[in-house]
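The structures considered in this document are given below.
You will see two complexes here that share chain A, one where it goes with chain B and one where it goes with chain C.
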Partner chain A sequence: MMFDLIALTLIQKALLAATLLGVMCGVLGTFVVVRRISLVGDAVSHSILPGIVLGFVVSSALGMNRNPWVIFTFATLVGLLSMLTVRQILATTRLKNDAALGIVLSGFFGIGLFLKRSLRPYMESAGGLNDFLFGNLATIAEADLKAIFIVAILIVITVSLLLRPFILISFDVLFAKTLGYPVKLLNLVFYSLLTVTIVVSVQAVGVVLVSAMLIIPASSAFLLTDRKYHMMWIAMGFGAFSGLGGCLIANSFDDVNVPNGATMTLTAAGIFLISYFYAPNHGILAKWSKQRKLERVVRNENALKQLYKSLGDDAALEKSVTLSEFASMNRFSEKEALSRLQSLVKHEYLTVSGKLYKLTSSGLTRAMQLVRNHRLWELYLTNQADYPSDHVHDDAELIEHVLDEATVKQIEAELGFPSEDPHGQPIPKPQPSREHA
Partner chain B sequence: MSFIEYVLTRPFAGSDNGLWYLLMAFSVALPCSLLGCFLLLRRMALIGDAISHSVLPGIVFAFLLVKDLSSPWLLIGAALSGLFVTVLIELIHTKTRVKQDAAIGISFTTLFALGVLMVSVFVGKQTDLDIDCVISGEMTHIIYYDSVSLFGKEVPEPLLISYGVTALTLIFLLIFFRVLTLSSFDAGLMASFGVNPKVVHYLLMAVLSLVVVTSFQAVGAILVIALLIIPAASAYLCTHRLKVMLLLAAAHAALSSIAAMYIYVSFNCSISSAMVVAGLGLFCLAWLFGPVDGLIWKWKRRYLLAETYDLADRDG
Partner chain C sequence: MSTALETHDLTVTYDKKPVLYGIDLEIPQGQLVGIIGPNGAGKSTFIKSVMGVLPVTGGWVKVFGEPLAKNITRVGYVPQRGSVDWDFPVTVMDVALQGTYGKLGMFRRVGKKERKIASEALDKVGMLDYAKRQIGNLSGGQQQRVFLARAIAQDCDLYFMDEPFVGVDAATESAIITLLQEMRAKGKTVVVVHHDLQTAPEYFDMLMLLNMRLVAFGPTSEVFTKEILQKTYGGKLTILSEIATEAAKNDLTKTHSKTP
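== the complex of A and B ==
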């Protein structure tokens, strides 16, 4: 190998393996998450149990006790067989994806447990077979570490060579086909990589938690960015961090043997929890504040519109209102009216002098825009979408705040620059300065 | 002893235990197979997977509180954490852009990891909360529990609990059959009748958690998925009618329980894995010969079609 692995202590080996696993699972997990095949990883990891048992039996028969390479080979073959079975069930029956995965996952696992007990006499020792369930980095064998190294290198080389086609088949299979990519072959390569990754990871983190390492770092990255290359780098980083961090946490328990897989998963889950709340665009808090902001805008603009309408469409700039007038026209309490007026002043839609509030020219423009958007949209729905004219108000009430000028121009053009809405009310033309001129 | 007699009594010779195992296997398989039909139709087969993995932290947490492995609080804790994972899945995939499959994967692996950590840190080796048992289950342990005298026989307590849950499930399905059917096929229509699909969803999840938890000890976290999905899938390949599907799934549960006893005594494997192997065998039969989806009929149809074209080509 590249450097002398034997020289490393057990803990160093475990840390190295965990970090490498995190990176590998992060890279492949990116594709797994965007292809929406997250549970395929789970199915494969459970399904390889019969392969592992057969590997134990065959290596005993060949006179070697627990030869890792024989076990890896059988596990990979059975893993591929399980995916083939899923494909066949989907191709020849009405069963859906979830059912096919569930049947293969639990069925293969059941066969594995069946073989594990009934073939026990043919195995020299079953030591290490239980590690399959929860993984054991602490006693990781030389060959396991080598296998992880080889698979990691394999993944880095294959993915960097085939990055573009891999991303294409993940997002748009039809487009990839039109470009002439051999989609079937690429899928075979991808699923084979996935299987060998799972096979080498299972020894380290166990059957259930390998899917955690595939899914969780990539999902956190998915919340943080919209760009696929970035997502892959972030997922790799999170994977490595979860591997390393989880391993260190597990080692920090002195007197109890804590499975590394569990602490690695929980570290990854911690990162996911943070991105779930704080991711800049797709996090819960960001979405929540965006929504609150929009609600505020809608409330303010509705008040502005009401003010404009009550002042009379013409010469709105010259008139003014008091707080109590504003409150009664909107059916607001005085307190609510005051806060609404203050926020309109803050947005420079109104000016205040003493107790009198006056529209500014930008306030007038915005109010006219809103009324125009509303009436245009009503007309658009009645004329172009065949809505009855008494069913269009609510829809227009919502969209008036978000229509942009370009869309408005397009609608106006399509409707032939109308001057009246379906209820016979005039459609105002904002930018009053031009009108005055 | 005649051959037939030998075959019939083989798993039960010697003691009552064989009979208890068979009854236990059936009482676990039956409610699973019936609920599995609805899961399959709602395309939620993998939710069962998620629930069965997630009950672990609930069991450990309840155990830490009551310090008693046979306490009913363990069942309640487990059922609650099973329900919790379904809420978690909804929270992730409805509130963010993360898709449902990833949400399932994130939720149950995290809860499972939490459970494994709690077992290794707090519970340790001093009790028989054995993590291997959690994965694969051990049905033969039921005879080590207290027994209750019933009709002059000493019946193991877990068996009675399991039949209690089976009865509850049957009652639930009888009462809510129409609601469940309708909401599985057309949630929108359901909502227009004034029944909130979310309520139906969580009700089903609650019953599912209860069933999964009671099966847990007998068959373990992973094989319970097989008991949920494989009977339903086999039945689905044989019919288009829901009532027939439920009957067939129940028949699958009964047949695979009986067959499992023979596999168990012949191969010295665990009963739960024998049930899965038997169930998988029946699934393969349905896949080949199922009246609706059977491969044999498809091949035959293709062969006949090809022959017709051949004749037409020769004539034309």
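== the complex of A and C ==
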């Protein structure tokens, strides 16, 4: 080993194990999330119980008390067997994925609970067997830590070697097959890595919460980025942080025995909540503020349009309005009118001198664009989409704010560059000025 | 003219339901071939089984005179747009690069050469400006163009495309057809599952009319006739389909082979 594990205190061992588990779960969790097989983690973690019990029995029979390698091997084999059982059920019955997973999860877990009791006489000591059910890092043994360390290295190396094919079969398995990639073999390797990861994680966080460590850090990462590679690094970091942080929190309670699994899961969930709200593109707040911004734009632009119409289309640049005139033409309160006007001045659609507000040329252009967009869209709906002409106004009222110039050109071309809308109103031809978002 | 694709007595069952019976076919090189037929006629199934994605129950497939495995890098596949998850965290460039994976193999790293191939392919379909975008932020037509860029990056001699014209805008449709004609001009063979009877005679040199069995195959001018179309679209082969499903359910073939 690279360093002397004996020199580590119990707590340091626990922290190291938790961090390694977080990394492993983060790496494989990203695939679990993008492949939409999140339930598989739960199914495997429950299904391996018979394997763990058998591992204890065989360890005892070989004269070793609780050998991690024996336990990992049996648990992994049983985990793979459970996945094969799911496949077999799907291939030979009309049952679908959820039912098949449910049957296997509970069936294997039931067998495990039964064996745990009935095989008790054949185990030298069942100490630590309950740790696999509920998770416990505080008593992690030297040999366990070594095993986790080696498995973690193995997984990171295998995934980095097979990263490109793994991503391809997750994204487009049909295409991967037509390239001649050995999809079945790749899937077998993937599910084996996943099972091994679950097996070594179970003793830390327990059967029930292991899928949380797989799914939550990866899901948080998915909300933060659109690149698979970045997603993996972020998920690894979140996983490690959840493991380490959760372990530290659990250890900070001196008098009560707080389970590691719970605190690790809660740390991961805390990170998820943060990215749920604050993720720059896919977060709730980002979506909310985008929506608010659009609402503001619509309110401002509607006021601008109103102003342009009431000033009279041609000489709009020459004339000006006062606050109270503007308020009455829009049926605004003075307060509302003032904030609208100030906002339009800020966008350089208006200038203000004393009490008089005047349109700027970019304000005029934008107003004409809006009116044009509105009338064009009405015409498009009436002529091309066969809408009755009295049904088109409300739709155009919204669309006018979001039509971009490229689409406008397309519509104009399709309609043969019309000059009047379905209600006989002229369609203005604004001079292009600066771009408006 | 040499043969791009040859099938003999190709029979496919899918989910225990037989879909294709005894397809005998020889597609010469350098042709644009359209596959048309009603829903459930087995059009997608045909190209999937030829590409080795679906298991073949009987008969054989040869590509350029040899089994598919020998010439797999010469054959490209463009799946239906709906067959992948467009929320998947990959960019337009990542998908175009997948076209180079076949020749690259599983382990070699993507290098400058591959990036250049993918960029050129994206440029060809007018999607280079979108290279860094996540694929979900694209319109249907743009998504289809990305799939085509991936196919161009594959640089194959024979392509199978599953409904590339579905859900795309008029500009994309004409861009795709120009591209297919360019491919043909280079001597490539393109086989396209098509759903629109109006454009079929205009787009394709040869047509394959499919309805669970091959109704007709030949130059468009010869097979795009009222009589053949009626035969293709005139109802599914209900009895054939039901009997065959029943036979598959009861594993008649097994019983048969066990009979001395």
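We adopt the following convention: the second predicted complex is superposed on the first by the 387 of 437 C-alpha atoms of A that agree within 3 Å, B and C clash if a C-alpha of one lies under 4 Å from a C-alpha of the other, contacts with A are read in each partner's own complex, and residues count from 1 in each chain.
Please note the rule applied: a contact is a pair of C-beta atoms (placed from the backbone, for glycine too) under 8 Å apart; a residue touches a chain by one contact, two chains touch by 3 or more.
None of the values given here were measured: they were computed from a predicted structure.
Now for A:380: first (chain B), second (chain C), both, or neither, which partner does it touch?
Neither partner.
Which chain, chain B or chain C, ends up touching more residues of chain A in the combined arrangement?
B
Looking at A:181, would you say it contacts chain B, chain C, both, or neither? Reply first, second, both or neither.
After superposition on chain A, A:181 lies in contact with chain C alone.
Regarding the shared-chain residue A:222, is it in contact with chain B (first), chain C (second), both, or neither?
both
Please indicate which partner A:170 is in contact with in the superposed arrangement: first for chain B, second for chain C, both, or neither.
It touches chain C, and chain B stays clear.
Quick check for you: in the superposed arrangement, does A:36 touch first (chain B), second (chain C), both or neither?
So A:36 meets both chain B and chain C here.
For A:56, decide between first (touching chain B), second (touching chain C), both and neither.
In the superposition, A:56 contacts neither chain B nor chain C.
Of the two partner chains, chain B (first) and chain C (second), which one does A:256 touch, if any: first, second, both, or neither?
In the superposition, A:256 contacts chain B only.
Which chain A residues come up in both lists, the one for chain B and the one for chain C?
After superposing on chain A, chain A residues 36, 222 contact both chain B and chain C.
Mind pulling up the chain B residues that touch chain A in the complex?
40, 43-46, 48-49, 53, 92, 95-99, 101-102, 104-106, 109-110, 112-114, 116-117, 120-121, 124, 131-132, 135-136, 222-223, 225-226, 228-230, 232-233, 236-237, 263, 267-270, 272-277, 279-280, 283, 287, 292-293, 295, 298
Quick one: in the complex, what on chain C touches chain A?
48, 51-53, 69, 72-73, 75-77, 79, 83-85, 88-91, 94-95, 98, 101-102, 106-107, 110, 134, 136, 150
Mind pulling up the chain A residues that touch chain B in the complex?
So the residues of chain A in touch with chain B come to 33, 36-39, 41-42, 46, 89, 92-99, 101-103, 105-107, 109-111, 113-114, 117-118, 130, 133-134, 208-209, 211-212, 214-216, 218-219, 222-223, 253, 256-259, 261-263, 265-266, 269, 272, 276, 282-284, 287.
In their shared complex, at which residues does chain A touch chain C?
Interface residues on chain A, with respect to chain C: 34, 36, 161-162, 164-165, 167-168, 170-172, 174-175, 177-181, 222, 225-228, 230-231.
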